[in-house]
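After this come two complexes, each holding subunit A, first together with subunit B and then together with subunit C.
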Partner chain A sequence: MRQILHDWGLRYRTIFTGISLALLPFITPHDALATNILIFGLFAVGFNLLFGYLGLLSFGHAAFFGGGAYGAGLAIAHLDMGFLGAVCFGVLLATGLSIIIGIFAIRSKGIYFAMITLALAQLVYYVFFQMTSLTGGENGLRGITVKSIDLGYYSINLLNSKEKYYFLFIFVFLALALVSRILKSPFGGAIEAIRENENRAVACGYNVKVTKYIAFCISGGFCGLAGALYALHISIVPIDILHYQTSGMVVMMALLGGMGSFFGPFIGAAIFLLIEDVVGVWTSYWQLVAGVVFILFVLYFPKGIWGSLVDWARR
Partner chain B sequence: MTKNVILRVEGLTKKFGKFVALENVNVSFPEGQLTAIIGPNGAGKSTFFNLISGEISPSRGKIYYYDRDITDVPQYKFSKLGIAKSFQITNIFPELSTLENVRIAIQAMHSKYQLWKNRNELSSLRDEAYDLLGVVGLQDRAKRRADTLAHGEQRSLEIAIALACNPRLLLLDEPTAGMSPEETVDLMDLATKLAVDRTILIVEHKMKLIMGISHHLVVFHQGKLLAEGSPDEVRNNDDVKRVYLGSR
Partner chain C sequence: MTLDLLLLQLFTGVALGAIYILLAVGLSLIFGLLTVVNFAHGAFYMVGAYVGVAVLLSGGNFWLGILAAPLVVGALGCVTERWLIRPLYGRGIDYPILLTFGLSYVLLDLIRMLFGVEGIPLEVPGSLEGAADLGFGYFPLYRLFVIAICAVLLWLLWLLLERSTLGLVIRAGARDPEMVRVLGVDVDRIRLLVFGLGTGVAALAGILAAPMRSVTPEMGIPVLVEAFVVTVVGGMGSLSGAVVAGLLVGVIASIVSLFYPEMSEMSMFFIMALVLLIRPQGIFGRAGFLE
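After this line comes the complex of A and B, so read on.
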């Protein structure tokens, strides 16, 4: 029974995740929270591709999320692009950043990899911080509101929170389908093999560095998509988005939900954002609660919420 | 009868800091034979094994595979050349299924960076992997997670992984380490069977067993080549008797 549950979960994970996300606005107290879970969930999925499936802990993924957000923002503010163009531009900028950062980071392992990604991401932060005329510096990039999208016969009103949610949902769902496809591909098998045993993978004939590098860039691209959607969601790009706190947050989300599982990152994002949303009303020290929850999980459920459930199912 | 040489090393030397682990070794391995590398602890067997399998690079000297210089070839290219190895310490993909362990190794020969196809639909790879599990007698374990296998089974799985690239030269580093006597005998039988159509190089401690199955022996002592030849020649070699066999 459990085995069947597990196999089905694996086979229909994209559809299952899609249905859950489609129902999300009816569960959350307000639509903005649902939209945040949607976007940060995708961010965590992109991050988890590297962390959970390949086993590389990056502390610099703020650069790709922020890069995607700034890419989308800059495309609207300076290049007069529309919604789609802005999303594409955001993904391109984030992927470009990951291509450059990856060259330097991928040759190192473990703590060194984490530190190099952290340092290079902070470098990106300061570059965007200093380029005030282009990025707005510490005030963030403003004036990038997209009110509606004209599809010819129908115009999507992005000021309506439900319409906006389901419009962004289409992008997230397509991205998830793509991630799932990649994970099921021979390449997906190769990255899992490298996580499991790098030496053996080399002996089998896998070029570990190239494989890691490709995975790093793919991860950066998906995080960039999440960032671009986030910029269009909140109509501003705050400079904090590039800060290392964003990198730390996505690590927490992935761990809370369960790294190495497909749906886990969404659970992690939901828990984290729920704590912020609920506890944040009472006290500005909500991160204290998030921190305690995080520590408890690392100590008692190291596989995260979803990861523990998946483990139970396949036992 | 002259035989082709599959692997040849010239002046192979490896230093770790000031310690000379292997000094000026010249030796060649005939194709199609089962050659055993023996020697007491610290003789340089493992260093030699790691050098010829590309794990570490030599301080000096050259390694030739069919007259091709492979000294500086990166390790991940060895499997494409037809050189495969099993490790001294069990080295599998623990959380993957037994079948996937072998399938992933076969896949490395075909489509490494393929992002789109579903890997489970590449049925020829699955069938090939299943056949290889048959060679080492693990077909009924195909669906089990690799880390749930018994130790001896894991060692066999490792050989199946090594066979995935259909190697012409198979390097085995103490394949029977930690095995029960029955498992050891099974594995030696397997090695003999595999040696029929490929060259095998095996590092082994269990002298009696290895003498029985190998065609050719290479003896190391204190980082140097001490002797080589047929089991009988080596058994009657005075140097070998003194440092190795005599001490037992």
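After this line comes the complex of A and C, so read on.
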């Protein structure tokens, strides 16, 4: 029975995730939380591609999330593009950043990788911080509101939180379908092979360095998409989006939910954002709670919530 | 652009480098023996500064603070290793990173709770105020003090590692922990001590830097990146690499700030990028404490 559930879940994971996300606004107390879970969940999914499936811990993914956000914001603010153009521009900028950062990062092995990705992402932060005329520097990029999308016979009112949620949901769902397709492809098999035993993967003839690099860039692209959607969601791009605290946040989300699982990142994003939201009502020290919860998970539930569930179903 | 100005900036760079050296040495010590990258290093640095603040607030003086900070934070580090990091051995190289990162979150908010979110000034002690005439210009006495303390600490560390039995065991443990265990040494206790030592040195850096920068709960956040950059440039696990890289990064940042002040913060990243391209293991990169 468990096995059937597990296999079924694996085959239709995109649909299941899609349905869960479609129902999300009806569960959450307010739509903003649902939209954040949607967007940060996608961010975590992109990150998870590298961390959970390939086994590379990057602490610099804020550069891609922020790069996507700034890309979209700059496209609207300086290039007068529409929503779709902005999103594409954001993804392109993020992927471009990952192509450059990847060259340095993939050369490093093991533990170095986390440190170097953190440092390089921080460099991106400083660069964007200094380019005040383009990016607004410390104050962030403002005035990038997109009020509505005109589809001819119907106009999507992005000031309505529910309409905005389902509009963003379309992007996220398509992205998820693509991620699932990539994971099921031979490339996805190579990724997991590298995670399980890198030396053996080399012996099997996989070009591990190139595979890692491509996965890094793909991960950057998806995180960039999440960033672009985020910029359009909150209508500004704060400079802190590029700071390594954001990188750390997505790492926490991925672990809390369950790395190496498809749906886990959304659970992780939900947990983290719920802690921030709910604990934040009682005290401003929600980071303390988040940190403690995270430490407990690292020590006792490293597979995260969803990961532990998947493990149980697999046994 | 006079030579005097250049020399003054050089000295400022050395003072800055001293802090970087202390940070990188602590990080390398921990990595060399435990193979753990301490993502809470910036947080321990910050706690060190706050121990100094606490000492001053309860009536003590700066000198007491300099003594207390490494001891208190070192003890905190020992506790961390024993209860939080030790359970993770054998699990995979990323777990201590994750845990120490979570710890940095916790420490940050704890300090916020105890000391508030506003910055607290930590003044230079009276005896170290003022400047000394170095022949080519006046240089703050306090910064000379920082350089001196760093040199003393490096000498003490060298003594410990090269001339004591404990140091011998630490170096052996970095090279081959299994063998050391087989020979009957309690490697767990050594790990505990080294982690405490590493965090203690970070705390010393924190309290030394406190009068030069401001004491805020967030002061450790950029410091973590600085520590990483210097350690990557010098080579993970190499102490002489930490020294060379710290000086290099500090001096270059100082000189760059003369010509292009906006680039001085970023200059260290370009150094790191260069090192990564040419010699990815760092200047003296090798695991272990081979001086």
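Definition applied: the second predicted complex is superposed on the first by the 315 of 315 C-alpha atoms of A that agree within 3 Å, B and C clash if a C-alpha of one lies under 4 Å from a C-alpha of the other, contacts with A are read in each partner's own complex, and residues count from 1 in each chain.
Everything below uses one rule, namely that contacts are C-beta pairs under 8 Å (C-beta built on N, C-alpha and C of every residue); 3 or more make two chains touch, one makes a residue touch a chain.
Note that the structure is a prediction, hence the values are computed from the model and not measured.
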First, second, both or neither for A:Ala193, with subunit B first and subunit C second: first
First, second, both or neither for A:Gln122, with subunit B first and subunit C second: second
Which of subunit B and subunit C A:Lys184 touches, first, second, both or neither: first
Subunit B versus subunit C as contact partner of A:Met252, first or second or both or neither: second
Partner chain in contact with A:Ile295 - subunit B first, subunit C second, else both or neither: second
Subunit B versus subunit C as contact partner of A:Ile4, first or second or both or neither: neither
Touched partner set for A:Ala114, first subunit B, second subunit C, both or neither: second
Winner by number of subunit A residues touched, once subunit B and subunit C are compared: C
Set of subunit A residues, in rising order, touched by both subunit B and subunit C: none
List of subunit A residues in touch with subunit C within their complex: 57, 59, 104, 107-108, 110-112, 114-116, 118-120, 122-123, 126-127, 130, 244-245, 248, 251-252, 255, 285, 287-288, 290-292, 294-295, 298-299, 302
Interfacial residue positions of subunit C with respect to subunit A in the complex: 31, 35, 37, 39, 84, 87-88, 91, 93-95, 97-99, 101-106, 108-110, 112-113, 221-222, 224-225, 228-229, 231-232, 236, 262, 265-266, 269, 272-273, 276-277, 280
Residues of subunit B that touch subunit A when the two form their complex: 53, 74-80, 84-85, 87, 91-96, 100, 103-105, 107-120, 122, 161-162, 164-165
Residues of subunit A touching subunit B in the complex: 181-182, 184-190, 192-193, 196-197, 199-208, 210-211, 214
